[in-house]
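For reference, chains read A, B and C in written order, and residue numbers begin at 1 within each chain.
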Amino acid sequence: MSRKTKNTLFKSITCIAVITCFTILLFLFGVIFWNGIPAINLEFISSSSSNFGADGGILYQIIGSVLIVIVSALLSFPIAIGTAIFKSEYLKTPKWQKFSNILIFGLNGIPSVVFGIFGLILFVNILGFGISWFVGSIILGIMMLPTIILTSFQSINSIPTIYRESSLALGLNKWETITKVLLPQGFSGAITGLLIGLARAIGETAPIMFIATAFSGVNLPQGIREPVSTLPTHILALAQQATNPEALQNAWGTSLILIILVMLFSLSALFIRNRQQSLSQL
Amino acid sequence: MRDTFVLSNRIGKNYVVLSTFISTSIVFLILILLMINSWQVISLSDANLFSSEWAPYKNSFGILPMLYGTVIVTFISLFLAIPLGIATSIFTAEILPEKYRYIVKSVLELLAGIPSIIYGLIGIAFFSIWIQDFFQLQTGRTILTAGILLSIMILPTIITLSDDALRSVPKKYREASKGLGLYQYETIRFNLLPIAKSNIIGAVLLALGRALGETMAVMLVIGSIDEIASPFYNWLTPGQTVTSKLGREIAETSFGSVHFSALIFMGFILLSIVLVFTIIAQHYSKRTERLYE
Amino acid sequence: MKNNSTLSIIHPSTSGIADTILHTSKLNVWINDSHILNDINLSIPKNEILCIIGPSGSGKSTLIRSFNRINDDVEGFNLQGTIQFKDGNIYDITQDTALLRSKIGMVFQKPCVFPVSIAENVLFGVQRQKKLSKIEKLNIVEENLKSVSLWKEVSHRLNDSATSLSIGQQQRLCIARTLAVKPEIIMMDEPTSSLDPVSARAIEDTILHLKKEYTIIFVTHNIQQAERVADQLVFLCDGKIIEQGPVNKLFKNPVNPQTKEYLKNEFCDC
């Protein structure tokens, strides 16, 4: 085979690969929208579920998901920013940077079901919280940490040293430099990370399915030590009734709503990242 | 003035140190808790841990079928996703015109954001039915189905990170190589890929870690039978992975029982393997720090 | 008074009337909306050293990069006119660009050695053209490293990484690598501007030796270098050819006052 033929063949193969991926992508999104849209109407979104989910709507699942995820963000964000600041401003040697990277990426790589088990052992049993939506928020918050830490770190760390030096020269101490000079600039990066973390957290099932949620009979949690229903666990329960076409249809509807929420967070993150990039090019 | 100067500095420092301590100690905390809870089943001498018979009523907790399932499902997913992913990344990095890059990259990020439970739903509703019909099986919930589904799930990771790896090779190498009369295929194969190799390996290892840890999608389509396939290459039968086992049974198992301990032990092994691969991946992909693929 | 840039004068070199190996006609190049090259008509004689000089931004690099079509991948690149190489138009649809580049080789300003061994660098381009036996490979490595006066310095460590060489040695390695492909024309884009004077001189000597077998086109903004090395000179300013001809004529008797000004004071107000 001549060199030229090999080249053309190679290019064709990569082209086929791209088309394959594109087809898969179209299929996935297509299927979700095609099956989900018929299942959705105003009633679906605004009423509670009944008959193990085969009838009724997903109002409380939506509320539950949003609740658990917002609280997890509130718990996670301060800790993540603090860690990012420490990593950027207080850790000086490459060795420490590498070490902290290992720990952070390690945390990121932990399987989601292991997080669930961790929550089960520590919070539900040892600390005696029982099945609690708040524990779910804690666990999801822990899962979000690496994402927020790394984006915030990149954002703060990339601020040129001259800003720090000018601030210190004006008489601000280190902490004031951080809060008044660095954080405002790095904030959009942190928010981007937060939104991405939210997008992931809202779709998680395994970490919360046995520590924070219950399938039926739950509307709004009355207190901290109560379970909640969420969109992903609802899909799980419906998927296990896949032979029932009504349940299946509701599963698609719930999936579509979930995807829309995930996309909302992801697109916001993209949007903010873009704005930040075009701002910094001015 | 002087006091607040020192005080706010100290408060701030305490805050960041505490935050970092929390973030970094969680991994160890999890490992320790899992280790402690595994002890019960390890110390039970006739638990048959490394056999292939999982029968709690008999006090036999052979974890081999689950380990087998994890290994095979991961293998299938990598086998499919690596060539497809790298070939696609070559296209996006080297052949795709610059103006389309932004859209393609954004689409890939969106694709990576699909929750795994939805993959599971699609797996039940489509893939398992297709496999069932195509191979004329009793059930479409097989090891193969799980592998195929998983390969689609790790594809965006491989594509995005390999694309980053190739783009990080400076432009001058391409020009020098082309200037010598090499075709684009030869430039990519003999010049760019070797240079990007370690970052691409890092990408693959990261995808490997995700494949090992995936729970929901696998749980729904693998069939949940605690048996090693026979013959061992017959992947058209139902099986079980560590994650699917955990997902299905941990809620039903009473805390503190031997059964529970056996499940935790499997989780501990899985976690250790995943952490090792994550650390190795870090070593390989030193430059790219994408986390949210 | 502007020079008539459509004139393409070939003066016979001292060795007789030279053949033209490359010929451009009404060449215009735009990158995005900038008109980089304006109506270039150039004939490049075979087996001579043609030097393109001019101030920064005059389009010298763009010109030679258009010859081996390495500008094809640059976003917004647009070319009109023809460039004839031997019997064909370089920008013909059927032109195999990889083949073209094996005939028109290029050495870049910043040496770009590949992160492999010295020997593998030399062989990198030529290895693709045909299957080589071990002996052939050794011969090619030795022959081309000798051509650039690098053999003595590295013959005992051919398997070391090329990145361990000094910058001057790396640039010579890049030239050796290009030579191994046996092109007909070798183009060099400011080959010595990243180097110290000693390495620069070594490369100038190499270029003078190469003239026998190859046609050399090189770009420089170092006027003294042009005077030392070139046979033919082309003075490019703001994308137009101000004057071209044998080096002696341009230095002693330039037609265009701008040429005289540039060669004397390195200043051009075009």
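To be clear about the criterion, a residue touches a chain if its C-beta (ideal position, glycine included) is under 8 Å from a C-beta of that chain, and two chains touch if they have at least 3 such contacts.
Everything numeric in this text was worked out from a predicted model, so none of it was measured.
Engineer: Tell me the chain pair with the top count of C-beta pairs in contact.
Structural biologist: Chains joined by the most C-beta contact pairs: A-B.
Engineer: Using the mean of all protein Cα atoms as the middle point, what chain has its own Cα mean nearest that point?
Structural biologist: Most central by this criterion: B.
Engineer: State the chain with the largest centre-to-centre distance from chain B, centres being mean CA positions.
Structural biologist: For chain B, the chain whose C-alpha mean is farthest off is C.
Engineer: Can you check how far apart chain A and chain B are, centre to centre, with Cα atoms defining each centre and the answer in Å?
Structural biologist: Spacing between the chain centres: roughly 17 Å.
Engineer: Indicate the whole-number Å distance between the mean C-alpha point of chain A and the mean C-alpha point of chain C.
Structural biologist: 54
Engineer: Between chain B and chain C, tell me the centre distance in angstrom, where each centre is the average of that chain's C-alpha atoms.
Structural biologist: Averaging C-alpha atoms per chain gives centres 51 Å apart.
Engineer: Give the residues of chain A touching no fewer than two other chains, as numbers and ranges.
Structural biologist: 3-4, 7
Engineer: Note the residues in chain B that touch 2 or more other chains, in rising order.
Structural biologist: 183, 186
Engineer: Please set out, as single numbers or ranges, the residues of chain C touching at least two other chains.
Structural biologist: 98, 128
Engineer: Per the contact definition, I'd like the list of chain A residues that touch chain C in the complex.
Structural biologist: 3-4, 7
Engineer: Would you mind writing out the residues of chain B in touch with chain C in their complex?
Structural biologist: Touch list, chain B to chain C: 98, 172-183, 186, 190-191, 194-195.
Engineer: Chain A touches which residues of chain C in the complex?
Structural biologist: 96, 98, 128
Engineer: Quick one: which bits of chain A touch chain B in the complex? Just the residue numbers, please.
Structural biologist: Within the complex, chain A contacts chain B at residues 3-4, 6-7, 10-11, 13-18, 20-21, 24-25, 28, 31-32, 35, 78-83, 85-87, 89-90, 98, 100-118, 120-122, 125, 142, 145-147, 149-151, 154, 173-176, 178-179, 193, 196, 199-200, 202-206, 209-210, 232, 235-236, 239-240, 242, 248, 251-252, 255, 258-259, 262-263, 266, 270.
Engineer: Please name which positions on chain C make contact with chain B in the complex.
Structural biologist: Touch residues, chain C against chain B: 68, 70, 73, 75, 97-103, 105-106, 108, 110, 112, 114-116, 124-125, 128-129, 174, 177-178, 181, 183.
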